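Both of the next two complexes hold subunit A, though its partner changes from subunit B to subunit C.
The block that comes next holds the complex of A and B.
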């Protein structure tokens, strides 16, 4: 590394040099090779899609591009200049900025404060905030992206989509640090957006292309193809190829991501036809009311997957939490297998055989620094104990069994769960309810959020297998397609009430449009 | 479902996970810090490393170890107990007052009473959802005031010294009984945590309370239990102090609060919860005691003692805290 600043001789970059180029990037973690010689070129004024399964190395690559991870080997070139990025500020100085998947705004500051935070410039004079200047600075950023957000609104009062716009506005401030067009990285920007918001975001991304280069990461391949000019695919920490987005099919990308043609039976339709003999539902909910929902009735039979769909604010998440005893109720009765279910707390629910997979995996679903094994046995302690005493060997064989059965990719059962990829984390969280073999009702709140196709497919398969073994499942799906594909029956909720029930047996599925009509 | 669809073999051969040398070293850091300190003191004054001074040091350390051990469990749960020292002082007063009536049963009565007071703080913290910092800060003030009121703001001599005599004995002629009791306490609590689901629950609560709750861990009970143990430990520490001073006093343990907190963090337990152990606090308490006892012995002028003490505490935490386990340093 004697020549730190040298101009690219340029056989690879005829004409203007690439906005960003990565050559042979390598990064090892203990037991995992996250990056194994990645090459990537981002041209100026293009939107480059980055696709790959969970664990393919996308996150590590992005972190290396903004200086959060130092690669073990390999080079990063910015506009024909080799750079070493040691921090986010370093990256910003070279015109590289990132909009993080988990938003990085401070919730109790105003949008304006967040936008200028860290590089206040003229917004602060002699250590004193100059609100008017700051607001003007923020307004200027918001104008760049054509947003109408009030810069003086507190960030936590904004919707997720608006906060994302604030982040983009904030990231664009790196323009002031460099005279060149910046490179903006968007990490899974669509994972929690509604479809209308996604359209707005895409308009934004196309605007960005006018004065910047964009790296767009998403696990939804149709989106990637929709908004990008070119798509690069990572697999197992290596670049496996790239395709122009024009004319490419999601299936083709998917094949590159997983290295073979995936099965078409994505949702693993329940093949066995259920008999229609009249029997008592496993779960009977009558007149359940709480802060955000009223008078909800719900029946779920053993072996049935019932999807609840509804727009944001329909109250479906709270119904789910209430059934698990994690959200107070004001009225109503819940009966599980003929026995009244006390909604007094999560512990009572667990003991009654109710399982819950929260939407916020990282903060609610798992205890990050704890091991895979301890996370898996957190709820059903009796599965690893004899009487009150923990049996390490019993736990080891139990956990190893599930690791193999669910093909959870982890170096060891003792590895902290936060080191696993999202899909593998979710499998551990699901396994938590299976180790004791006594779960009767599973409440799944966005169980596939943030997972790539491969991991999704495995979660679907697991859900189907559980249903076939007699577990009753309530599913809050990540998308309407998922709800339709997985559910046997779909309940539509709107404004806190269950307004419609739609049958969705294999072979007689409703279309998304049928459901949307009922939702609004 | 004739074939279990999920039974595909894992694509990668699992890599055996072994802690690196660095990780192993980090987990032994509190002990290493202790040995280094002992060596440094011995070099500064070769006369320091004698049986009698070591015996005196561990005897002084005993109440601190007990206080720190109890509070460690609260810290592991993600809380803090600031009331331990004041509660301990109050307990010494109770001890002197109750001894004439209860006789030999006073020790158990004190531990039960302080345990109940700790439990009460835990219940207030959990049910009223008040941060443990505030609840125990209030408790600290209340206990100190009660101790002053019922003792008439002065020491109360013990009516008889026999009931605490056992704590002043020596095991095998060299190990002070109080230190042995402290060791047994640390060992028993650590073992109970390790051998039962409790450790899992305590750590989960400390790392991420909402995840623990949604995972069905009895978070509230665990927290109340931690405060109960912390209170009971304050009671036991009080009995140790009384056995040495032959009196109860409303301010007897007040200067032990910060050393106890220092012992916990010097041991490498994360103040943010989840990561740490009682063994670490034991080592931490010994480091803190050695500093307090040792610096004057090796001839550090008393004016400089506090400077050195503060600097060494910070340096020790820099060594012992395993930052890979603690994501946010507050």
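The block that comes next holds the complex of A and C.
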């Protein structure tokens, strides 16, 4: 292995060959250029942030770095040596390991087994487990990161944060395969963690820097700036620049990511015109109780967006699901446009004109392998059917109309929805209720989760348009800022009860602090 | 999960980390409790049931099913299914009958004959595994096909004349007793222990478990899953083969239908015991409890005088009820069941 500086040109500090360097990486997928000449340098002992919108090419790049995707062109250099990565084990041999976004542990094995999985070494002799050795091997890994997890605990009994520690311990096993400092890639490691756990993770990342290089990917730019030394930005499959994290503002990164200035205010304010006459609310909830919430009262008028905020465990998600009939209730009454709404199940809710966009888009919001068209018309069977028969032409014209109106970027209405970017998937999910045409109440559970800024603002615009057309909306926002920006009124929930109602009209918005006070 | 900046200070729920579960969960404790209760109920209802000799009967009757269930449990742990037991057992039953001393030919291979029969069965199991990983045929279909192949092979070898065995050792397995139990029962016990050791202490067993838990994770960890899948089906085949030999020993003759119904009974036993069809759950010990449950049920129904004509149906109902009870802890609205 050479560390010859000649093979390692580029604008960086002389004398320290890059831990990892990517030059002109290109990857085509049918119809899409996922990577279009990406350059990236990861120095030794640095934490490099990687930022970019959905579809900027981040995941393809990361996969290429661990050998899961073979680039069509371009080079990957590891410590001044050109490498070809054919598999994840190949990457591990070169000291590159990744903690995947979707946690990738086998839930029904012990933490120890997960840590050594695939490279048990002396832990297995002739196919026979030596539990004591296995445990010791795992303990050694856990000690590296100062974790006190019991190696013999079943993984599915651990908290998310602990599982993440197990993942980091596991990925550090690549140190056994190479004598060089490893490169650890963390793909959206914070998405499942609570704030406190995120702090622990950041401490961990800073520790990793002592003996490794880290590539840190996150949607939350403040996090990226907080933990990284340097941030590289991808846009449209190309590197568009990098900034030192110190002193950089999220807004600056935003601009680099979306490529245009302005658009600092991502929130569309309430529609100005609103009748002041008292009228009957479109949705009236009285004393709704269930497993995790009690005595919830809630009114939503036509054309109004009501945000529900609350900390984890406040029960707001369950209230939302209960209104759609997806969660059992024990007491209470719900009236929609003067008619009692049966909470017996989701069918009744759909029939009454209630739409629900679930938080888990991938598992609850869409049928991945089905086409955009089929996903869009999933609810409103009449749109494509006359009786039980699909009428393709009717479906097509309907779907194409909505693809056009919502500017959904898809090659074709017949494309499987899972091949679209997150923002476009979410637009299809929302369109499902628009196709139905008679939606009166829309329940949005984290509608912008996992979306980048561009896609978010499109979803915001769509929400506002829907509200202006008279739909009553209940919003569980992704952040307090989003709730404040989008809502006309905000209900604070705490411990399963609606504890406070805060008006949030345009021009009279509360601050996040006002709400936090009520949430505690 | 994170929904607001305020969570850092307020989230008490997550402040207490879940403690690793080490004890016995209700899921695990259910089947043994059910076994004890069922035993108690039958014992109270029927004097004939609670005799020592009947307990012996129950255990002896459970032997063949226990061996089949050992094999199928590994497949179920992987999240696959195996319907090949009847065919593989038929093939091995005829094979062993024709290789030990019998009325059709002059073979007298004894224990070697048993070994060959088990190997033939393992080869058939291997075939299921290969169809699964190479041809990507779903295990449901692959094993159904292999079962048909096994029955076909058995029918060819049967050739219209039933081979009756005269091998003293093999005949002795079913009738000779050691410590009050038939040799077959001890063989079954040995199988259960061996299978448990494989499950607990070998890479094959642990990976079978892991494949059922999260197969893609194994691939991301650089494990080649395919060989383990083939190995599991091969091992399952070997267990079915031994079970086929055991049936031949009991009947004193090799029959094509030696394994009839064992696919259903074995899956039933495994599932009732807690080795669920979703994979990654349960294990050999759980399945063995399931075997005893099913056997006690069959025996008990006879003892309390339920007509044999009713038994099949009653058993089926009880199975569905048991499975329904097993999934109660996970049940929720809008649950997807396939």
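Worth a mention:
Convention: the second predicted complex is superposed on the first by the 493 of 520 C-alpha atoms of A that agree within 3 Å, B and C clash if a C-alpha of one lies under 4 Å from a C-alpha of the other, contacts with A are read in each partner's own complex, and residues count from 1 in each chain.
By our rule, contacts are C-beta pairs under 8 Å (C-beta built on N, C-alpha and C of every residue); 3 or more make two chains touch, one makes a residue touch a chain.
The structure presented is a predicted model; accordingly, all values stated were derived computationally and were not measured.
By the touch criterion defined above, A:136 lies against neither subunit B nor subunit C after alignment on the C-alpha atoms of chain A. Applying the stated contact rule after C-alpha superposition, one finds that A:159 touches subunit C and leaves subunit B untouched.
Applying the stated contact rule after C-alpha superposition, one finds that A:366 touches subunit B and leaves subunit C untouched. Residue contacts after overlaying the shared chain place A:326 against subunit B and subunit C alike. Using the contact criterion defined above for the overlaid structures, shared-chain residue A:403 touches subunit B, although it does not reach subunit C.
Within the superposed three-chain model, A:87 lies in touch with subunit C and out of touch with subunit B [touch as defined at top].
Once the two complexes are overlaid on the shared chain, A:465 sits against subunit B while remaining clear of subunit C. When both complexes are overlaid on chain A, the residue A:109 reaches subunit C alone and has no touch with subunit B. Comparing which residues of subunit A touch subunit B with which touch subunit C, the overlap comprises 326, 346. Interface residues of subunit A facing subunit B in the complex, by the touch rule stated above, are 30-32, 268, 272, 324, 326, 346-347, 349-351, 356, 358, 363-370, 374-375, 377-379, 381, 385, 388-390, 403-412, 414-415, 432, 458, 461-462, 464-465, 468-469.
Chain contact summary for the complex, subunit C toward subunit A: residues 1-15, 17-22, 200-204, 206, 209-210, 212-214, 216-218, 220-223, 280-281, 333-334. By the touch criterion given at the top, residues 1, 4-12, 14-17, 20, 194-197, 200, 203-204, 207-208, 210-218, 274-275, 325, 327 of subunit B touch subunit A in their complex.
Per the touch definition, subunit A reaches subunit C in the complex via residues 87-89, 92, 100, 104-109, 113, 117-120, 124, 127-129, 131, 150, 153-154, 157-162, 170, 190-199, 309-313, 326-328, 345-346, 446, 476-480, 512, 515-516, 519-520.
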